[in-house]
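Below you'll find the structures, each written out as structure tokens.
Next come two complexes, and both contain chain A; in the first it sits with chain B, in the second with chain C.
The block that comes next holds the complex of A and B.
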């Protein structure tokens, strides 16, 4: 029996390994199956070259798909003196080396295949001057994403940002934890932010008065989409961006509604019959919605068709248990839904596989909640108390590696952006 | 004129002075008697009023107590109703969960029954039944798995086999809904609508008929046929008044857009 299982595993593993081997051949780079290719980011000269190198190294490291190799002082000195760098790089275990140089119009990228000792890729990227710190950093992140795609076949998520709540306002932070800025203003209490799929617009809820607000990130202009008596919370855009789905309730529970982004009248989708139904999240094809509902007496995750029919309990409900499962977020590949399970200090982030309903616990240290997927479907941002206060952390779901994204005052409800367009 | 008036006044005064002491005592005694009788009547009246007031007070107190008890009872009943509603919802959810598990169990039982019979101990023994095709639960489960994988064509084929071979199975109406869903996923809305129509036609008493009608109504509304959509929503409210779809339909009929 065990031998048969092992044989099945081997059969399953074989194509996966082959796939891993071929993933890094976008520029002809080869590396051992199951390992991350080693990459050296070479020093370069010019204004801001050191910052450029530091950002690139960090982005590639945070991507978790390549192994960024630090050059020791002797190796850096030898390369700077013009010594033959191939043997040095090979000795360090590098499959590729990368050099980015600032130019008057942007950034110049060169990628070298260490095994073949050839230049594998040369490209110029437009970038604003360094004085436009935000734009310049965004251009470097964009370059890092393209570089990651060239090296591994999968585009990175460096050029993305995360929305979150802090001190009654909506804030933005770059995927590397830099450039934190407040986005929303005014007198209301703002929460539950969500991204438009195009990345140029956001929606959030406002308390006092209760409203669903849409804000243009470029102009800063805001529009009230829905509001009035009762609560209006947890908005989310449909994958085509044409509508917003949100939770609204007056006295008799909270239900999920939909409204056109351009404006109109809300139409109810869920029939909670007095229970609370909130936190909608769409499947990537826009045909199903996962949401939190208390219709069973305690919060569980359900799914339904986008028109509100065919409601199905997703998380495993057991008789007599008093579970608390909330904050669902559908993964970009459509395979799993991440959610928070447990209350207070017991809260942890889990995923449930939509095919076989198998559960996987992703966190265990401290209380962890409010997961939100990165567009690569591999990284998750979530709120954790592991550092003493509630901060944003990023988890690589494949390796289990975590990194802290924010520091300072407590935060809530992160929302990871889609891949952002070049400005 | 003046002497005449004086004479009359003098006569009147004189007549009063002429009353004897006995007459006065008698008058006084009668006056006392009248006063005592009045006082007694007043006291009786007052006692009766006091009695009435106290009775009213007692009644009011009783009414207040009864009212408080009623309010508490009302609250308790409301709480009980709320709890009962919650419990019914929980039972419904558990029933749904149990049904799903039963379905999975049925599927695995059917699968087990179809395992090839062990090699007969005696050569030529063919008394064991030959394994048949998959049962309805097994077909449903495997087709659903295919649908979750995104294999709409394979899923549809399985659901169609279920409906064709087991048209009276409990799973058949839902299988048809999924057949329509596979067409919808392939952006073939006409085929999806056609299958939704068949669900209502073949399984009018199934809860899935309300779902199918609602799906068709949504499709008609999107296609710019609000009157036809309203007709179907009306039908849902009349024929399936307790369904979730009826709750949504009522709202859309109230607020047509």
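The block that comes next holds the complex of A and C.
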């Protein structure tokens, strides 16, 4: 009966979204309040089953919302031999077990409620063949995100990607550190990548030639949106995607401009009077912009209305202090702005609360900068020197857990994507 | 007979018919033998004088060529000096765009060269060390280039003759993560354009 009720709930939820038929569905698992539900990912049979299980376990682990429990060899053997798995799973502390099986057309998901000893959810996901590694992995990540939502009520961010700079080009990496690929080509030194809210278009800045470039990730086609004499820096799309806001200046300081994404003429928003004003980031409602400004003789984070009015100093300005604040990124829930603060290379990542201006230091190991929020508003990607070279790391701001996302040549300026569409 | 005498005698023998040929259209009266002897003696003296004059002329030509060569070398030296002055980098303190005294002296020399050579234009490129964010450094590099341009304008150089740009921290002059490397990288570089013709030394 419970199972029927849950399935009925899933069906009722279907009209909410044409793309995600289980969106909003949560399985009522039983586990101790204040803890993360324990989840066992059961082995399965079929081509790619082991890879599938490994990716899923990693995605759930990286999500930091469930406790992925290892199935020891004895338990796995017992379950494989057809033993009653409920007491085994209960002994391991699992609130749920999950099994994903490859099918000819995709992936078959089954979720079991261990306490109630029932099947809680069954669903089939379309997926391309494994030979299409990128598409297949994206399908698995998408399944992981929906599974996380079913288990915890909050959708995961496994099917997201991170843009970053490496060796003067823009690169992409999946949220689990796999599928690293160069995106930008041609002349110039490319930096400061930013996502269109739809997830299929990016913008970045170029040095020599100095310009703002828009690139379609599907076709690879590029378009120069602004360019010429002076610097063209730090583009960012408005939350509706209709405009790009960027910083530009020649001999009289750098100011923040806006230009339609479809093309047009740049219009100045900030009035820096010869100071540097760069690195805009929008509040989720698109009404305010946080940015870095040196207008007081010292780089700090300010906010202003989207039309450039009502400028307000956000970070505390301490007279005589050598450290400066830069690289703001407004959290998706709108509550805080992450930024870097520090003197030269000795920087750390902090957040400041928009309501009470309280500060929270998030990093302390090595030098850390360039924070960018994941769409869940909980995880941050940033650049850290803690491993010896500048690499991308991911921080869970709730537990403080970190993981290294990239290795190899130095990187900078990450930008975490929105949740990406199915394709 | 010394070799010089022989040469003069040969020249005389050859020269006379040639001279005669020149005046063929205007017949000369026949000269007496005695007079001929005298003429030969006179010609020898004249030839010596001519020879000395020719040697003098050759020396003057050589001197003149050397002078020309010297003038060319001097023009080339002036050109090299001007280009070196225009290309000399200037350096900045950490996180600063202010011009230090040593930088002003270098820029004064550039201003003088630019004033003496009105066709020359200059691209000023600002650079930073690797510390700080990429975006901040791009803005800082632009500010450094703009400060340099502003100073040269204050010294009378038209702003239309100068363009500014920033490479931020993307093109370090030297690799390294110590202050010595950082100082080399916090700089403005200069590219002089329209320098194909002669370059004048500044008027002192």
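Going forward, the second predicted complex is superposed on the first by the 396 of 423 C-alpha atoms of A that agree within 3 Å, B and C clash if a C-alpha of one lies under 4 Å from a C-alpha of the other, contacts with A are read in each partner's own complex, and residues count from 1 in each chain.
The working rule: a residue touches a chain if its C-beta (ideal position, glycine included) is under 8 Å from a C-beta of that chain, and two chains touch if they have at least 3 such contacts.
Remember, it's a predicted structure, so these values are computed and weren't measured experimentally.
With everything superposed onto chain A, say whether chain B and chain C fit together or clash.
fit
Looking at A:370 after the superposition, I want to know if it touches chain B, chain C, both of them or none. Which is it: first, second, both, neither?
In the superposition, A:370 contacts chain C only.
Looking at A:307 after the superposition, I want to know if it touches chain B, chain C, both of them or none. Which is it: first, second, both, neither?
first
Given the touch rule stated above, what does A:413 touch, chain B (first), chain C (second), both, or neither?
second
Would you check which partner chain A:230 touches, where first means chain B only, second means chain C only, and both and neither mean what they say?
In the superposition, A:230 contacts chain C only.
Going by the touch definition up top, name the partner, chain B or chain C, that contacts more of chain A.
Touching more residues of chain A than the other partner does is C.
Contacts for A:254 in the overlay, against chain B (first) and chain C (second): which applies, first, second, both or neither?
A:254 sits against chain C, while chain B stays out of touch.
How many Å separate the nearest C-alpha atoms of chain B and chain C in the overlaid structures?
Between chain B and chain C, the minimum C-alpha distance equals 6 Å.
Note which residues of chain A are touching chain C in the complex, please.
165, 168, 189, 191-192, 205, 207-208, 210, 229-231, 233-234, 247, 249-254, 276, 278-279, 292, 294, 299, 324, 326-327, 340, 344-345, 369-370, 412-413
Once bound in the complex, which stretches of chain C touch chain A?
That would be residues 94-95, 130-136, 138-143, 146, 149-150, 163-168, 170, 177 of chain C.
Spell out the part of chain B that touches chain A in their complex, as residue ranges.
Result: residues 82, 85-87, 89-90, 93-94, 96-97, 145, 148-150, 177, 184-185, 211, 214-215, 218, 244-245, 247-248, 251-252, 255, 257 of chain B touch chain A.
Can you tell me which positions in chain A touch chain B when the two form their complex?
Touching chain B: residues 264-265, 267-269, 271, 273-275, 285, 287, 295-297, 300, 307-311, 313, 316-317, 319, 334, 354-355 of chain A.
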